[in-house]
Amino acid sequence: MNAPAYTASMLAARFGLELRGEDHAITGVGTLADAGPAQLAFLANPRYRTQLVDTRAGVVVLREADVQGRQGSALIARDPYAAYAKIAALFEPKPTFAAGVHSTACVDPTARVDPAASIGPHVSIGAGSVVAAGARIGPGCVIGDACVIGEDCELVARVTLVTRVRLGKRVLLHPGVVLGADGFGIAMDAGHWIKVPQLGGVAIGDDCEIGANTTIDRGALDDTILENDVRLDNQIQIGHNVHIGAHTAMAGCAAVAGSARIGRHCLIGGGAGVLGHLEVCDRVIITAMSLVTHSIREPGEYSSGTPLMDNRSWRKSAARFKQLDRIARRLPGAEKDSE
Amino acid sequence: MNAPAYTASMLAARFGLELRGEDHAITGVGTLADAGPAQLAFLANPRYRTQLVDTRAGVVVLREADVQGRQGSALIARDPYAAYAKIAALFEPKPTFAAGVHSTACVDPTARVDPAASIGPHVSIGAGSVVAAGARIGPGCVIGDACVIGEDCELVARVTLVTRVRLGKRVLLHPGVVLGADGFGIAMDAGHWIKVPQLGGVAIGDDCEIGANTTIDRGALDDTILENDVRLDNQIQIGHNVHIGAHTAMAGCAAVAGSARIGRHCLIGGGAGVLGHLEVCDRVIITAMSLVTHSIREPGEYSSGTPLMDNRSWRKSAARFKQLDRIARRLPGAEKDSE
Amino acid sequence: MNAPAYTASMLAARFGLELRGEDHAITGVGTLADAGPAQLAFLANPRYRTQLVDTRAGVVVLREADVQGRQGSALIARDPYAAYAKIAALFEPKPTFAAGVHSTACVDPTARVDPAASIGPHVSIGAGSVVAAGARIGPGCVIGDACVIGEDCELVARVTLVTRVRLGKRVLLHPGVVLGADGFGIAMDAGHWIKVPQLGGVAIGDDCEIGANTTIDRGALDDTILENDVRLDNQIQIGHNVHIGAHTAMAGCAAVAGSARIGRHCLIGGGAGVLGHLEVCDRVIITAMSLVTHSIREPGEYSSGTPLMDNRSWRKSAARFKQLDRIARRLPGAEKDSE
């Protein structure tokens, strides 16, 4: 494969950046630490600013405020990370997939697969499901009954849509994703559990991305919903009837319990949890491994947990935590604080 | 598909409920917010009581205590959620599966598959495994050697039973479940790890349900055991030689480390953890994201963690947590509290 | 299958142990509680010392310090668990796999599969990938483009290597593992997310073991790296560009965010988290469900969280945690502690 041929000035023109210093041919991208003279690097995280001096990168995308630390050519961007993302996409190897249904795939006769869709090896597609043009269903995917896969969706490999799952356009599902499994609905009846039927579906908006081994259950009655442009990392668990607003992003291993409603433009940290039946308003940030135990009505950043300590010190603090109410009550005027 | 035809009085008779108000034909179920005049809704969670006034549902299943808030027909139940579950099951679309082995499935010649079992596309079944009548093995499942799948089990899709996994009757396994992988047994030997053979199996009782992408390792010597009617949500991790008592339910992302023993009728919250080699007695509730660090010998509810706070306030509390022992020691009489 | 025939004296000679008491034929291994007279058991965890009196095991592997509690034959080991691991391996049933490519597997014509590798049913292998001699690719695995699978690797079943994943020798991957999926790289641009191309790969060293449903994303530019002999339990999440040092072990559900660097010989507890772009030095222990929020430069044990309490007491402590800064400020001399 011949490397694509770009120059720094071409990239500046294409993405609305300002070139400082000499023009350079660019054949790829790299980190500040590793890029060579024909590669472009970027500086977004201040943590890596010290690498600016020694980088061999031909061009560096950075903020105006960082340009004085740069000897060679630079492309000035208000948001260097976003600018870099667009540039890097030019150099991304994109495998092409032949349209058509692989000979080992099993497609129900009542399913409709667009001739411009690509169905890979060992895929099965159930009754009444629809796959639109440009969609790619990778190896080993299982599509159940009554699912809809929109235009240009990509199911990388070994994705399962159980039933009544509807994907918008350009949805990207990574391996091991399970959408539309039974929500966890059980009721105690005379000492044993009975199952509550899960009659709803899952609706995923346009441009959503869902990470490897993430699970999103289908609704009990209504649907579980992701609005457009929701971005979920790996191993996230979304319970039945959750509603997630547009442009919200969640980091790995986060979990949202049933019927919670999360707003738009939220950022949920890794391993964070949201209890069921809560509401979180727009533009809320939850830090990693925090637990949301009540509804949040004000935008802002929220946290729970305790700081990391050496184990010996932590044991002392932890023992005192158990005594906290007694400790507080010893203080003059403490009673008025108690809830 | 014609909707099944029931009336409120038929449901009352069938499930031992009391009809108040006029009889109605019922063709389906819905939420209080969305059900129409031919649909049945229910009120169990008091959070939704305000929706009782405006609902258009033809019939509502509710507690005697809530009936005065209801204008139209009602079915009185001691447990409206359990009653609803039974009614909704009447309206659940149940795909039927043809008995027999799909042409793309690979079944070891020494495996025994009952003629009344259904083996889906791209399934493989290993040496000496047994599949009983009425069992359904969905697309892409992998059954290893020496497994037993009881009557009327359902493996929805892409489930893996590695080896020596025995399922009782009516066990329901959702996509991505992995049962019987090697337990995590390693021993340090001269600076590198050596693997401890995992010679046991996994035994799952009747009527268990295991959620998507949940993993249950097989035992090191004895088996990992789930008694009857254990209900596990998605992405739960169960280590080797864990024993879980009957009727215990665990919410998503909970984890139990090796050789822990959990009692009957326990409720383990989402993301909660149980350390290894502990015992938790019957009827224990663990709240979400708590960590069980010692055995529990009294029924009741247990918790760890700190409450959610705005990040600025949380930082102050977190900084003080590190000083807790020093703070406590300043108080008169504090020494006697220290452990 | 005939049980292998060993005697305690043979095992002593083979593994450098000392036999005390009579020699015995050993046909298998078991727990102290369940082993019979022809079986060998071990005592490593002091928790089980009380079982030494009643065990029916023919031989027990134990430390010199425990031998006085043993009536029958014993094998003395400095590390009984490691000695047991080696002995048990003699009795482990090892299925043999026929070399060659199963008729249902789909192998790209540009892939190279060694004739001494075993490729199972419903496997697909992408362009340019290489499978070395002795490797076993179990049922339902998906190998994408440009992957390398070293000698004697085992992919048990339903493993996915997305692209640019290189495995060393003797790597063991359990079902549901996903290596090389897109790292979670997104940048906000004019109110919606754009994807940051993930151009790197994943490099896994020799003798690594990766548990069921664990995910390791490929790097954004450089590779995500596991050095030799890293041992990961189930459902672990490793973000892009993470680097994990040799001989580090992580328990189930742990997670490491992007670009973190973890040293050698670390032990990361179950459910623990490590934030991105941090460094953790060699020989660090993180206890279960702790969150590493800053770099660690000293070997030792680290923790966060609060102890488990009955819910009623916990509620009181939790309420006081919110007041901690106010409480501390009431104390004489408290101000000097504040950060």
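Per-chain numbering from 1; labels A, B and C assigned in written order.
By our rule, contacts are C-beta pairs under 8 Å (C-beta built on N, C-alpha and C of every residue); 3 or more make two chains touch, one makes a residue touch a chain.
This is a predicted model, so every value here is computed, not measured.
In the Cα superposition of chain A onto chain B, the rotation angle, rounded to steps of 5, is 120 degrees.
The two sequence copies chain A and chain C touch through a face in which the numbers common to both fall below half of the numbers used overall.
The distance from the centre of chain A to the centre of chain C, each centre being the mean of the chain's C-alpha atoms, comes to 25 Å. Taken residue by residue, chain A touches two or more other chains at 104, 122, 140, 158, 176, 213, 235, 253, 271, 289, 305-307, 309, 319, 321, 323-324, 327, 331, whereas all remaining positions touch fewer. Those residues of chain B that touch chain A in the complex are listed here as 29-31, 34, 45, 47, 79, 81-82, 84-86, 88-89, 91-92, 95, 102, 104, 120-122, 138-140, 156-158, 172, 174-176, 207, 209, 211-213, 229, 231, 233-235, 247, 249, 251-253, 270-271, 288-289, 305-312, 314-315, 318-319, 321-325, 327-328, 331-334, 337-339. Interface residues of chain B, counted against chain C in their complex, comprise 104, 106, 122, 124, 127, 140, 142, 144-145, 158, 160, 162, 176, 178, 181-182, 184-189, 191-197, 199, 213, 215, 217, 221-222, 235, 237, 239, 253, 255, 257, 271, 273, 275, 277, 285, 287, 289-294, 300-307, 309, 313, 316-317, 319-321, 323-324, 326-327, 330-331.
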